[in-house]
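This report concerns only the one structure given below.
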Amino acid sequence: MTDASPSSTPPLIYVLNGPNLNLLGLREPQIYGHVTLADVEALCHQRALGLGVAVSFRQSNHEGVLVDWIHEARTEAAGIVLNAGAYTHTSIAIMDALRGTGVPAIEVHLSNVFQREAFRHHSYPALACVGVIAGLGPMGYELALEALAGRLKRS
Amino acid sequence: MTDASPSSTPPLIYVLNGPNLNLLGLREPQIYGHVTLADVEALCHQRALGLGVAVSFRQSNHEGVLVDWIHEARTEAAGIVLNAGAYTHTSIAIMDALRGTGVPAIEVHLSNVFQREAFRHHSYPALACVGVIAGLGPMGYELALEALAGRLKRS
Amino acid sequence: MTDASPSSTPPLIYVLNGPNLNLLGLREPQIYGHVTLADVEALCHQRALGLGVAVSFRQSNHEGVLVDWIHEARTEAAGIVLNAGAYTHTSIAIMDALRGTGVPAIEVHLSNVFQREAFRHHSYPALACVGVIAGLGPMGYELALEALAGRLKRS
Amino acid sequence: MTDASPSSTPPLIYVLNGPNLNLLGLREPQIYGHVTLADVEALCHQRALGLGVAVSFRQSNHEGVLVDWIHEARTEAAGIVLNAGAYTHTSIAIMDALRGTGVPAIEVHLSNVFQREAFRHHSYPALACVGVIAGLGPMGYELALEALAGRLKRS
Amino acid sequence: MTDASPSSTPPLIYVLNGPNLNLLGLREPQIYGHVTLADVEALCHQRALGLGVAVSFRQSNHEGVLVDWIHEARTEAAGIVLNAGAYTHTSIAIMDALRGTGVPAIEVHLSNVFQREAFRHHSYPALACVGVIAGLGPMGYELALEALAGRLKRS
Amino acid sequence: MTDASPSSTPPLIYVLNGPNLNLLGLREPQIYGHVTLADVEALCHQRALGLGVAVSFRQSNHEGVLVDWIHEARTEAAGIVLNAGAYTHTSIAIMDALRGTGVPAIEVHLSNVFQREAFRHHSYPALACVGVIAGLGPMGYELALEALAGRLKRS
Amino acid sequence: MTDASPSSTPPLIYVLNGPNLNLLGLREPQIYGHVTLADVEALCHQRALGLGVAVSFRQSNHEGVLVDWIHEARTEAAGIVLNAGAYTHTSIAIMDALRGTGVPAIEVHLSNVFQREAFRHHSYPALACVGVIAGLGPMGYELALEALAGRLKRS
Amino acid sequence: MTDASPSSTPPLIYVLNGPNLNLLGLREPQIYGHVTLADVEALCHQRALGLGVAVSFRQSNHEGVLVDWIHEARTEAAGIVLNAGAYTHTSIAIMDALRGTGVPAIEVHLSNVFQREAFRHHSYPALACVGVIAGLGPMGYELALEALAGRLKRS
Amino acid sequence: MTDASPSSTPPLIYVLNGPNLNLLGLREPQIYGHVTLADVEALCHQRALGLGVAVSFRQSNHEGVLVDWIHEARTEAAGIVLNAGAYTHTSIAIMDALRGTGVPAIEVHLSNVFQREAFRHHSYPALACVGVIAGLGPMGYELALEALAGRLKRS
Amino acid sequence: MTDASPSSTPPLIYVLNGPNLNLLGLREPQIYGHVTLADVEALCHQRALGLGVAVSFRQSNHEGVLVDWIHEARTEAAGIVLNAGAYTHTSIAIMDALRGTGVPAIEVHLSNVFQREAFRHHSYPALACVGVIAGLGPMGYELALEALAGRLKRS
Amino acid sequence: MTDASPSSTPPLIYVLNGPNLNLLGLREPQIYGHVTLADVEALCHQRALGLGVAVSFRQSNHEGVLVDWIHEARTEAAGIVLNAGAYTHTSIAIMDALRGTGVPAIEVHLSNVFQREAFRHHSYPALACVGVIAGLGPMGYELALEALAGRLKRS
Amino acid sequence: MTDASPSSTPPLIYVLNGPNLNLLGLREPQIYGHVTLADVEALCHQRALGLGVAVSFRQSNHEGVLVDWIHEARTEAAGIVLNAGAYTHTSIAIMDALRGTGVPAIEVHLSNVFQREAFRHHSYPALACVGVIAGLGPMGYELALEALAGRLKRS
């Protein structure tokens, strides 16, 4: 689908994090634990190495920046791992961006959103993603990378 | 209502485009066709010429930027053509900005939003606009300009 | 799609008006202004002339008559401008008639229905129309004629 | 408000009956009793005599005909007693007709609609009527005439 | 059904008024006019005289008192005219009281409640009343008395 | 229940068709196939012959006409097969007409309405019919005739 | 939990009855039977005797009085049997009173409220009660007393 | 679609009955009449004979058994007549089984489910069936067999 | 109603337990305590002895088995105590089985279901039971047996 | 607006408390803390002194008494601080009383009602109050007094 | 809780304003009056002086910027006064930011949002704030500062 | 938590599949592909080998059997991978079984259920699972095994 995985350089996967994830490990440990976003990034790079892919790991509190990055992925990335945080539940713009770029994406949530407030049970990006992984903590990012890498090999 | 249309310079109309419209022509052609946003801008300038108005044509993926531009229109523009994209369905802030500026605005959608997902049937900006044009493709922008120009002549 | 636009005679567009529109200009001027339906008809004929199309302008308070006319348009007209009035919000029959005839139609409302009672926010015919124009007063009819004429030229 | 009540002729009140009321007395006597619509008409004329008003009593199963009659009342009648039958619950067109004519109207129901199916609890015409009388059988028509006659005297 | 109407004394009808009706004429004249509750009581006594019935006219702001009075009516009254004010929309207790006493009752509202806030469109007592009269001002009380008197004559 | 089936003439069954069914075979063949309404009428007459009943087959786009015909069936027909088309979903008047006439009726739909838009899942006439047959195409009419003929024999 | 059950005097249980229960046996026997509230009181005292508890049996049509009595139970009673009648479905105040006093309470309904109108399916007090017994008639009061007495023995 | 109808043996149709249908004729005769399930089976075999098809008639109270039988039908049957009883309204599993097997199925209900409790108005299997027959009693099974036989002949 | 209680043998009451109740005492003690289902059975037999009835105590995780047992109760039992566990909230089949057998049943829940998740507030079997007892723990079974025994004595 | 603040005596403000607030400090300290209503009253008098206003501080568990007091405020008070407790969420009567008296009122809640049960998120009195203060504990009363005093100075 | 209030410098409170508040005094004076945001800032600084706190007063139309500022407050501020404008009703991100930082916050609205459109009745930030003040105009900011200062003194 | 992972034998994980999954690869390949359930089982055993765990792979169309297996897992398994198929959306019993056993479980769906019918967006088991993986096809099972194995190592 995209030309982002030439022979010599590994395919690039954008790992995009939405609002408040920069506070990870600092806030509400009873929900999110003590792992920081830097820890998650490290985990991702390590797993990516094993999978033969590269990772560009980013975070923003701005919905528009997330939309911009997804657009950028259209020509720069072979896949997207997206934890849109609170925008998951409200952003049609991010869903439209995913549909518009056509890059395969997997939605990840650290916590099991289906056990939290009702307004967290709905996801707009999920309507434009290949699949969803929720509740498995930082390992969810790793599994999403593996699933995307698997798709890249098969395609 | 505004002083933006002095004798020598034509009245200025802001044509504001929201998230993902920069992908126009590149994404989902079965819904949006192959016309690009630059094509739409060209159409607008051409029609504006015939109507005796000028057009400032802009696009942003950021809700806050759209709010800022609408505020700016308060002193700089005689009318607004607004295609707020996905923010149409979620942004009370944009609706409030339109109400706060008092500049007459017409909402435009390229596709017939009433035939798409249910969450696209509702529009906040429409509650603060003179009217709505949907489903007529890029010509919708032209017709909105004509309607605004007609209002300017009558006022 | 239809044979209604032979070389020598201009394509015919049905402009169909639903219940209570015969009272236009006589009722609730704070919503609809002082223009009468005869005035709107005159505007339509005048604009049609410039667009190279002909207009058959009609009004009925009977849902069944509107359905009949839409059926008739199947063989007699190249397009429909439809202001179904109150039937907009309740008539599945009119929507089905539009789908059944396949003649391109544009829905027009004089007022911005999205700023009125909640039961006026839904339209059945819009589910079967090319697009919708609302809130632009009698000019809405003119713009709908232009959009239909534009479609005819392109097809 | 209207000129329908000159010195020598009594003011005219339209008593309009909607679908299925022609079956009155023939159908579902456990709800509607054995009085026929002709009996109701006779009661109305008799009461009207005592109130110094005249009555034009009509019935139709066609929504459009009811709309036409309400329009006609605009110049011909000083008041309307309306039992719109099943259209009470579905006809925005009849409500709009009442608003458009500006003739004072009172809605009447023979049965207590609030004790029947949920879809009979809502009335569109009530949104455009002076008031509502329900559940008092044919006497409801008489009381509505008295209320309208009282308004005419006071105005 | 009840023995409350012996030969020599006229049947007694309870006219019960709920919360805030003591402010009538003093509050919100744009909705309720300038007639006071004492004026309404006088109108009721006068009409009752003509109808051959007697009236016991009362008002309370307490739901429990209204329930008590309805219970009392079971042995003391031949009918009830009930304007339960705001309790109309919230009191299942009053509805149950009406059902429990079996005295025929007619619900009256001064204003057309169907044109006011949505929470005023529902009535619990109406589920236990013979009928409803709304929007006809103080005359509504008179018409309710006439309807009850008519029932008493027929029974 | 009715006297419509004397010894010498076969009982008459009204087969009533609502709005847009006159377009059958001409519209949306992917939903309705290529059979025309005339074809359906021929099928009905043929089947009726075998069942010993007669058929009066009619179509109208007017809700009021359908109500009139159902009223007429009260004295003229022994049963009704009703495909009310779009009015199925909106017409309380037709339901009330069926209840008012007391003639046994069976609702028929060519397509499986339960697989189409949500607003087609509800039927008012079904609340007043013996039963419903949906999704079996023109054969549905035949089966409905057989079921009605079976009832007539048993009664 | 409370000190209301000293050695020499039996623990006191308040049996509180809400609006219209004073009519028991007099109203709607098809729902409630012919047993009067005095009969229920006698049953309660008799059963209490066997259980070694005392009963204070009361009824009021006033929501505020029920709240007052529940407050009083805070220092005077070891348990509450509550049949709040129609207030069951509307009174947050009674629920808050139960929570505020902390006295264990069991909600009782004579009829099976789950088979009656939808608005009787919800109970506010049940949110603050130990449990609910419904549909078992006057025996429900006895069983509630037994359950409370059992709790008192265990605590 | 299936090979289940070779020249010498008649095509086999599974007639599957869900929970409580074994009580037919024994329960609630005011809804279901006095015909037993054995009677219905006899009717089916008799009609099948005339239609040139064979019937395997079964009943189970277990949702899983119904799913198993539908799976079995995939290779063994040419059609399914399904009266899933109460599972009609709750079983997505049965709907999925029908979709998964691809055998044409017709849903049958003895009573007119649209006139019963609201929770009986929805059917999951109907979303995977050719059509629905309701309210025609045991004859509904016969008509479903005829419709399936007709399909088999045409295919 | 049934012949299940001859002179010499005590009437038999089925105590039926639904899914997961076999885990009682082993799971979620903060909700259900430490009593096991065997303990509850022992309590039931002991209480039954005092009431002069016999108990057949069963548990199944299969909805269909519960339906089968309820059918069996039709000829074998004089009453049913039913704790349908999670099927309480989803099983129309169990409700229909209760209606079909006509054996008087009382629904029991160990916990106060009205204080738990919203989806546990609704009960289908309650629509077919004499009454409901909730929140009183294992004693609820005993009270249900007493209530059924009381009914048997009175009948 | 009112004459309740003559030169020599300070303006009087009614501080009205609804059901269960008499238990303050005694109940649910995890929500309401240990401050009693007498403590709140003392705080109010102290703050009122500093603001140059007087306070009449009252509590009732009776909705009708609260309505009566609000009526009384019409002639006796210059402002109302209202904590209607549970009636906040159910009492249209209290809202109507506030509208009827026209005395400026501020609604106060000790706890942040928006973080509690959903039925506490709605307030009827708030529709008739100047503003709302919630979640600030007893200080909320003080701030409401200051806001009212500020309004009195400005008016 | 935070170290932001050392002995020599006054504790810092962030006063954060959301979209369109920069138009204050310029827009819709019938709702918001003529006070500008600069005026509000001046009021805040003046009040803060009296309370012994400092204020950092900011405004942004960007949701992401508000999230950033709330994060910043985590280490820089002792409290937050938040008027999130239209984002109040749509921003789960802002709510999550407040929860993540743990700085005590009070939500302020100039107008009584409960008397405006229904979509303004809900607040996400209120779920993470100590309390809410609405409808008291600019004074609401002052009262919020006082409440926060009071908390700081007590903690 | 469980003793199911002694030193010499690998921990056992139950992989449980619900209704219709036995048709995998045979049905609706556009949704589920051509992989059979046996293929999925093989994948699971292979992955388990690498992870140092054992797998017991099962399928049933019976809700009760799934409940039984989950109970069995309580003493026999160290984790559960659950694809409950259609029961995902309707089975509170399965959710309760998971809660009752306390064995960590991960819900897996082959397709992205959030892009299918609305009734597939809700999951009861998810309320009792550690997490959810959807839309990743058979690889989802592998990732779930890895996540469970990871948990076992950490615990």
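Letters A, B, C, D, E, F, G, H, I, J, K and L mark the chains in the order given here, with residues in each chain numbered from 1 onward.
Keep this in mind: a residue touches a chain if its C-beta (ideal position, glycine included) is under 8 Å from a C-beta of that chain, and two chains touch if they have at least 3 such contacts.
Since the structure is predicted, the reported quantities are computational estimates derived from the model, not experimental observations.
Identification of common neighbours of chain C and chain I yields an empty set. Superposition angle, chain D onto chain I, using Cα atoms only: 120 degrees, a multiple of 5 between 0 and 180.
Counting the residue numbers that touch the partner chain, chain A and chain K have less than half of them in common.
On residue numbers, the F-H interface is repeated by D-E, which shares over half of its contact pairs, out of the options D-E, C-D or A-K.
Inter-chain centre distance (chain G to chain K, centres taken as mean C-alpha positions): 47 Å. Centre-to-centre separation between chain H and chain L, using Cα means, comes to 32 Å. If each chain is reduced to the centroid of its CA atoms, chain B and chain C end up 24 Å from each other. Contacts with at least two other chains are made by residues 62-65, 90 of chain A.
In this structure, the chains touch in the following pairs: A-B, A-K, A-L, B-C, B-K, C-D, C-F, D-E, D-F, E-G, E-J, F-H, G-I, G-J, H-I, H-L, I-L, J-K. Taken together, the chain G residues at the contact with chain J in this complex read 62-65, 67-68, 71, 74, 90-93, 95-97, 99-102.
Contact residues on chain E toward chain J in their complex (touch as defined above): 18-20, 22-23, 26-28, 60-65, 85-87, 89-90, 119-120. By the touch criterion stated above, chain A contacts chain L in their complex at residues 106, 112, 114-115, 121-123, 126-127, 129-136, 139-140, 143, 146-147, 150.
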